Every structure is written in C-alpha cells, then in structure tokens.
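Before anything else, here is the set of structures, which you'll find just below.
Consider the two complexes below, in which chain A is the common component and chain B and chain C are the respective partners.
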Partner chain A sequence: MYLTEPRLTNIVKKQFLHKLNAYTGVFNSLIVMQLIGIFFGYGAGSGGSSNGGTLTIDYRLSTGDGPVILTLLWAFSMGILVTTLAYRNDAFSFISNRLSHNISSILFLLFASAIAGTLAPLAGSIIKFISLFQSNPFFTEASGLVSSPTDFSIGVMTSILYTVLFASLGYVVGSFVQRSKFVLPLLIAAIFVFPLLQLNMGGLDFIAKIVAFFGSETSLLLFLMKIVVTVSIFFAISIRVTTKTEVRK
Partner chain B sequence: MSGLLSLIFIALIIWYFLQGRKKSTRQMTKKWTYVFLATYAAILIIATIAVELVDTTSLNGQPEAESNENLNLITNAIQNGDIGSIDSSKILNKRTQTIGKTLQMNAQGNDIHSTIIVERKSENDGLIEETLIKPLLLLGDYDFSNQLNYKIPEWTTDSVTFLEPPLTEITYTTYQEAYLLSQFTHTSRQRNNSHHTSERQIAVHLLVPKDLIITADERLYINE
Partner chain C sequence: MTVIEFNDVTKTYGRRTVLDKMNFSIRQGVLTGIIGRNGVGKSTLMKIAVGHIQATSGDVRVFSVNPFNSLKVSANSILVDDAMSFSDKLTLKDILQEAGRFYPNWDGPLAQRLFDYFGFHSNARQVDLSKGKKSTFNAIIGLASHCPVTIFDEPTTGMDTVARKDFYRALLKDYIAHPRTILVSSHHLEEVEDLLEDILLIHNKTALFHGPATDLQEMFVNLIGKEEKISTFIADREIISSQINGSYSEILVKNTFTSDEKSHLHTQGIQLVPVSADDAYVALTTGKKGGIDHVFNGTTAD
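On to the complex of A and B.
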C-alpha cells in the first residue's frame, strides 16, 4: 500500500515519452538506411541497351524499392533492438513492470514504424528527382501526391502496415532471443533451412504461402485486418514470452 | 558508374559512424536527431511535390502509344494496300512520278527496312502514285515515332533509290514505384515487359502502271 498508487496508463505514458527521448538512435539509423536505399534505388536500377541496325535504345529503370526494402529491414532490426538488454534495463529507471515496459515498447515501435512507413514512399521521390534531371525523356509509373492523392495515400498506408508487420516480427524474434540464447542459432538455421526444405502446404511452399497471404491480398481492408491480427498475435506472444523474464536480467 | 558511387557513399557512411564511435564528442544529441529527422522529412516532402510539378510537363512531351487495335489496323491497311483507310495524320507525303516502261528499284546501304508495297493499276497511264506512311517507334507505353530518323526514297528518271536511315539514338529513364506500394493501387507495374519495342520504318506504297517492268535490288523486301 502506497500513498500514490501508480496507474498503468501513467507509467506507460511516462515510459513511452522516455523512450522517444532515449531511443533517438533508431531514427538516426532510419535516415542512414533510407539514404542507402535511395542510392541503391537510383544506382542499382536495372537498365539495358538494344541495338538494331540504325536504331540504338538505352534505357534505365530506377525504382522506389530500395528505400522501402531497407526501411523494412530497419523495422525488423529495430524490433529486435528494443528487446535487447541495454534497452530493457533503460526502461527500469522508472517504476515499472514487465507489462508496462512491453506496452510502451510496442507503442514506441508503432510510432517509429508510422514515421518510417510514411518516409519510405517519400524517399522514392528523391530517386525520381535525380532521375528526372539526369535523363530526358523521363517517364514515371508511380502514384503522385498531387496527380493521384488517393493512390499515394494508399501507398503510404501500405508502407506503414508492412513496416509495423516487420517491426512486430522483429520484436517477437527479439523476445524469444532474450528468453533463451538457443533461439538465435535455431532462428538462423531456420532462415537458411526453411527455403531449402520447401515445406509444402497445399501446393505452395511454406515461405511462398506466407508471402502470398499478405502480398496477394487485393483488398486494403482485408490486408489491414490481416496485419492487425498478425501484429496482435506477435505482440501477445512477445508479452507472454517476456513476462517471466527477470526485471534486470 | 552510379553503382560505384553508391558503394563509395555507403563506405563513407560506415566510416563516419566508425569514427563517431571512437570519439564521444561526435555523438549526436537527442535534440539534433529530431532536427535532422524533421529536416529530412521536409526535404522528402518538398522533393515529392517538386518532382510532380516538373514531371507533368515532361510527361506531356512524349505521347502515349496508341492502342494495339489501332496499330494493327494501320499495319493491315499497309499490307493490304488499303491506303485510303489510313488516317491522314499517319501519311508523311504523297507524290506522283512520271515513268516509262521500266522501273529500277535500288538500295543504298544494308539496313533498309522500309516496307515497300507495289500495287498495279488497271491501266498504263505512265504515272506512279507514291504514298509515304510515317515511321513508327513505340517504347513500352510511349510513342517515340517523332524521334525516329528516316530518309525518303530518291527518284530519278525510271529509277528509285531507297536509302539507309540515319542512326537514331534514344536514351530514356523510367521510374517505377516500389513494388509493395503498388499492391492496392492501379499504377502499372510491368517491369521488363514495359520495355518492349515496336519499330517500323517508313512504308512506301507505289501504285504503278499495269504493265510496268520492275527490277529490284535483292536487299529490298517488296510486297507485290
């Protein structure tokens, strides 16, 4: 019994604000990753040349894939990162328990994913911008903020949802790794062995089935529901797995 | 070249961060992190808007390709000698040449891909009616026909020479949205398929007198 009984929401709020100040490093790494993605998207774009007698055609293809892919990688690594020991100990500078720590971390992940997911499609504009001034004629096969704001917004929404998915995947992986160090070698083995095994599930291999579950969805609403359910499961597993971890292990 | 630049850039970033770890004075403050993030976001938003404002005028410079149906109609009309059905905007020129009893068709150069169609009249009026149809160059979804160089046939008395067209060099860049982002949008995402090329040099339709004797260079492909 205390004079002031701490409420979970207040603790979570304080921890979340603390994490916004303490985990600024993840935003530095986000900028670096997206800059690398921009250079990959521009520099590593495919292209070709065709020569037929008196006609020579040289074309370059730059894509916005680079920043998006590297943002997803960043989200996955960030998910793992916030479960690591240094970050966990940091959270217990406050009156805290495992649940409040998890909730504030999840809120931080969602917040950071929303920022990263919004910036990723915008980063493609830099690639577009550089390509535009380096080549004439220049063609674009992309939804523009001004020309098709609805498609652009859907693109941003898609990017945020995928970023949240990867961040939550990283978080659940990180939670397992924190629980037992044996998980890490198993995980690495699984990453390499799973594709080799080509586990069949109704004609499609396991990995392809998972990719198709999200990637083949054509309805944004259904996709949103799939992401919400999957992310909720991931976070619930993470909370369950880490509940019994010592406060300062 | 650009790939090399990317690698150099990544190496510089890694080097900077490695240096930063050694010296604590280079540690970025929390405030500066958010300042950088806000600046980065602002640059991206400005670039997103700016690129569209420039982009629109650039896109309008190159017309989109006509539908396959229209193109097939023109091709069939040329092959069948049905010149009357071809839209006047596709006709480059119409000329009339006076001719004797023979016509010598020469070729100058090896890369002559002009479509030559010879159609005979029902009378011997001593005139050749020549119709030149514009060349065609489609790259993906865009029409580059106005950039394709060509040379029209040169006529002398009782002979015509088909010339090799001057070299045409076209360089273009296409930007495609990130694959994941176009999952729910209508943005075309054809990747390599979007770079198919359709090319046709000028087509020459010759309406010749009934009994004209034609001798042609073997490098020419003539539909009669």
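On to the complex of A and C.
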C-alpha cells in the first residue's frame, strides 16, 4: 500500500469545502440574528412631535444599525464556536493537523463574514424601506444602493471588515479558552475589573481609544490596513496558542 | 519495514502516568491486537500513534516521522473510536462522500455495500444512531478508507453478536484483499484471537508481551493429574490458578519445564495441556491478589 504525500494547500482546500457543508448551522443563526436586528432596528427607533404654533412636525428615527450590531455579535460568537471541542473533534475525524484545521477555519470565518457583512447593510435597507412605507415622510436620509452606489459599497466594505474583525476577536478568545480552562474566569473577571481599574489609572479612555482607532478612521484604505493587520495578529496568535492542543482525548 | 515505533514513550495526565517508558515496534502489513485490561492505556497508545495527542516524553515514529501535527501521518492513518464524530448537519450519506474526498484510497463501492448490508438510512445523522449502530458506521469508514495504518479502538462497542461477527469477518476479508498495518484493541481476546497475527499485551503501563499468539499460549501450561502426584512438581512453582475436579487437579503454571521434566511428568500420568491465548492473557494480567474471589472470601489477610 503506497503512502500519500499530502500537500497542505490541498488538505486546507478539502477542509474548507468540508466546513462549508458541515457548518451550515452558522448561517441559520445569522439569518435569525439579522431578523432580530431588523425587528429591533425598526422598533427601537425614537420618535416625537414638535409643536411650533401652527406648524407640527412629527418625526421618527429608524436606524439600520440594528442588523449590523447583531451581525457583529454573531461574528464574535461564530469565532468562538468554531474553536470549540466539538468542531475540532469533527475536523480530526478526517485528515487534518492543527495548522490545516486553523487555516481552513479562518478561511471559513472570512467567507462567512463576507456574506454576513454584505447582508447586514441590506437588512438595514429593509428597515428604511419599511419606514418609508409606513410613515409617509417628507424627508428621508439614507444612502441606498441606487441613490448613492459608492457610499453604499463603502458601507458594505466597512461592514464586512468590522465583521471580520469581530470574528477574529472571537477566534482568538476561543483559542485561549480552549487552551486552558482558567482563561474563561480570568476573562470574565477582566471584563468587570478592567473598567474599575481605568477610573484610578486615568486610562478610562483606553477602550475609547481602541474604538476611535477603528471608528474615527476616515480613509477606507487606512481602515482596511488597520483591520488587516489586527486580524492577522489575532489569527497568528490563535494558531500559535493551539498548535499543541490534543484532540479526541 | 517498521511502521510504528515507540521508544521509551511515557504519557502522563497531571500526576497520573498512563504509559510508562513503553517500547515496541509494529512491522508493516501485520494485523496486531492491542490487548489489555480496562484503563491500561490502549486508547492512549493509539491516539499517540495517529497524532491526536502528544507523548509526554520519549520518541514516537510513524512512517519515520513524529505523528503529532504530521499531515503525512494523518493522511495515511485513521483511528476509529468512540470519539469519532461528525457534524450533525451532515447525513450519513454526506459523511461517506466527505470521507471519499479526503482519503485517496477510499473504496466507495465497498462502503456503499457495507452501508446497505448493515441497513443504514442515507438521511440519518450520526449523532442519532444507537451506540452499536454508531460503532458499525464508524467501522465502515475505517474499513473503506484503506489507510496504510488503520486503527480500531474497541470497534465493536455496543454491537450485537451478529454485527460483531460480521465486522471481524469483514475486517479479515478486507485485510486479505488489501494488506495493510492494522491495530485492533479489545479486552475480549477470545473474540479476536483467530484474527490476529501478533498480540501486543499492555499491562502495568508498559508492553508486557509482543509476538505471535502461539508464543503467548506457550508461556503457560495446564497440568492435569492426581493431586498428590502434581503437588510434588509444583511445590516451588508459582500457581496461577487451580481447579479441583474430584480426585483430579488442574493447575495452571508457567511453562518452564525442561524436556526431562516433561517426560518425568508423563511417566507420572500427568498431562500437559496447552492453554488458550485468552487463558494465558488472563494468567499474565490477573496479578497476584488472588482474583475477585479473594475480595468476597473476606479473609482478613494482611
């Protein structure tokens, strides 16, 4: 019986295709999350009425951010999910090593994030669409695919990049949690303790700085670079931490 | 050619040592049974061999490379055990297809015939199968993948008698048709002994015996004869088990008799009866605590 000399790229490709078939549950939960997002985005819009003598203005604010925010949450949890024991054991039922499993999982995350990131602004458009019909408005402010395609595609790009960022954050968190069972309690403790520490250390704006680092970037190219570098670091750390994990124990 | 080689391999979980400086090597194309009591490290050994877990110390070589994180070893070996799981999004049919995409030697027609023979439904999910059915399904993947190193860890767990017999027969037939290195672990030696070429007996965290089943049998012998005559021969020998049937005694001892002694035994009317591999295995691994009877006899032995 001859021995096979497998190539990493070949196995990664097989695993990626396998994961597209095996991880379909991820997309079901995406749809649920975005529907919830549409519901909240529409329902949570603030409204009011201004009365200026003879003129009465009724206004209502609906936002398309609901689906986007929930998509980011989904991306984060998906990142964690694919690092869990069950997913890892499944991968090792066929040909795999830790590197190929990581790379194919990362490719899957990128693929899923691209889909989710594209759908999120579209789901936002649905909210605008519903609002338009319901309130018979005089003014609507929205950058749609038809009215301003450039703005809209920048919106989609940004949405995809944020989704990738959150997915990679989930992946690195998940990798650490899988590495040691002490990471999870530490992480939860850190979430509560960190803001308290900030008050004393004068570093309250640490988190604000991180948010600003990505959020205030006006150049798409720079934003893209920031995301690519951050995400690459997250994935590289994940690969490094999980290279010794034992499977199917 | 040696395919699997363990040199002083130790595996510890925390303070618990599962394998202790284990040494053995498996030649290419041999069907070896990994035999041992519960919890002696059979599964650990197999998981190390396919690179699922890492040895704490010592040197492991499979196809001359360290199996941990080796894509070559993963592509040329398969481990079928309880922990073999598949996504619940895939039907059994999907899983067979996926396996076909991964394993270069995959025998699709064989997988399909076995799948039909054992009465699986294409649209069922692996997680919903009963224990025995799950074992059978996993075993089909193990057989049809035709990996140069094929490892079955307690493959018949939960299978009914018919399925067990069918599986071992299928394994033998497939092995003859496609000779490859196969490891099968079991604690029911009597079930697999006809199948095996070699036995690797694991006991006390190490390889206690490795060789043909007949060699294992020849380590022990049953003496049958009148009690008073036997007793003179066994006075300074370690008795592994004894049974008294009327005036005849049946004593299991180590087969260390010289040919002179053997002829002497004959003249005294004492028969030397060969033991089964299973009896020899039990004799080797029971320990000197006197067996389970000893527990119930309640002797306040100190």
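Simple rule for what comes next: the second predicted complex is superposed on the first by the 233 of 249 C-alpha atoms of A that agree within 3 Å, B and C clash if a C-alpha of one lies under 4 Å from a C-alpha of the other, contacts with A are read in each partner's own complex, and residues count from 1 in each chain.
The working rule: contacts are C-beta pairs under 8 Å (C-beta built on N, C-alpha and C of every residue); 3 or more make two chains touch, one makes a residue touch a chain.
Just so we're clear, the structure is a prediction, and the values are computed from it rather than from any experiment.
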Could you say whether A:G79 touches chain B, chain C, both of them, or neither, answering first, second, both or neither?
neither
By residue count, is chain A touched more by chain B or by chain C?
B
Identify the partner contact of A:G170: answer first if only chain B is touched, second if only chain C is, both if each is, neither if none is.
neither
Output check: A:L8 vs chain B and chain C. Expected answer is one of first, second, both, neither. What do you get?
second
Determine, under the contact definition given at the top, whether A:G117 touches first (chain B), second (chain C), both, or neither.
neither
Once chain A of both complexes is superposed, is A:L55 in touch with chain B (first), chain C (second), both, or neither?
first
Is A:F129 in contact with chain B, with chain C, with both, or with neither (first, second, both, neither)?
first
Touching A:L220 in the superposition: chain B (first), chain C (second), both, neither?
first
Touching A:T243 in the superposition: chain B (first), chain C (second), both, neither?
second
Which holds for A:T24: it touches chain B only (first), chain C only (second), both, or neither?
both
Same chain A residues contacting chain B and chain C, which ones?
21-22, 24-25
In the complex with chain A, residue positions of chain B that touch it
2-3, 5-6, 9-10, 13, 17, 28, 30, 33-34, 36-37, 40-41, 43-45, 47-56, 58-59, 61-62, 110-111, 113, 137, 139-142, 148-149, 164-192, 194-195, 197, 199
Could you list, by residue number, the parts of chain C that touch chain A in their complex?
47, 51-54, 63, 69-72, 74-76, 79, 81, 83-87, 89-90, 94, 98-99, 101-105, 146, 148, 178-180
For a test of understanding, state which residues of chain A touch chain C in their complex under the given definition.
1-6, 8, 11, 14, 17-18, 21-25, 86, 89-90, 92-100, 243-244, 246-249
Footprint of chain B on chain A - complex, ascending
21-22, 24-25, 27-28, 30-32, 34-36, 39-40, 42-44, 46, 48, 50, 52-65, 67-69, 115, 119-129, 131-132, 134-148, 151, 154-156, 158-159, 162, 215, 217-220, 223
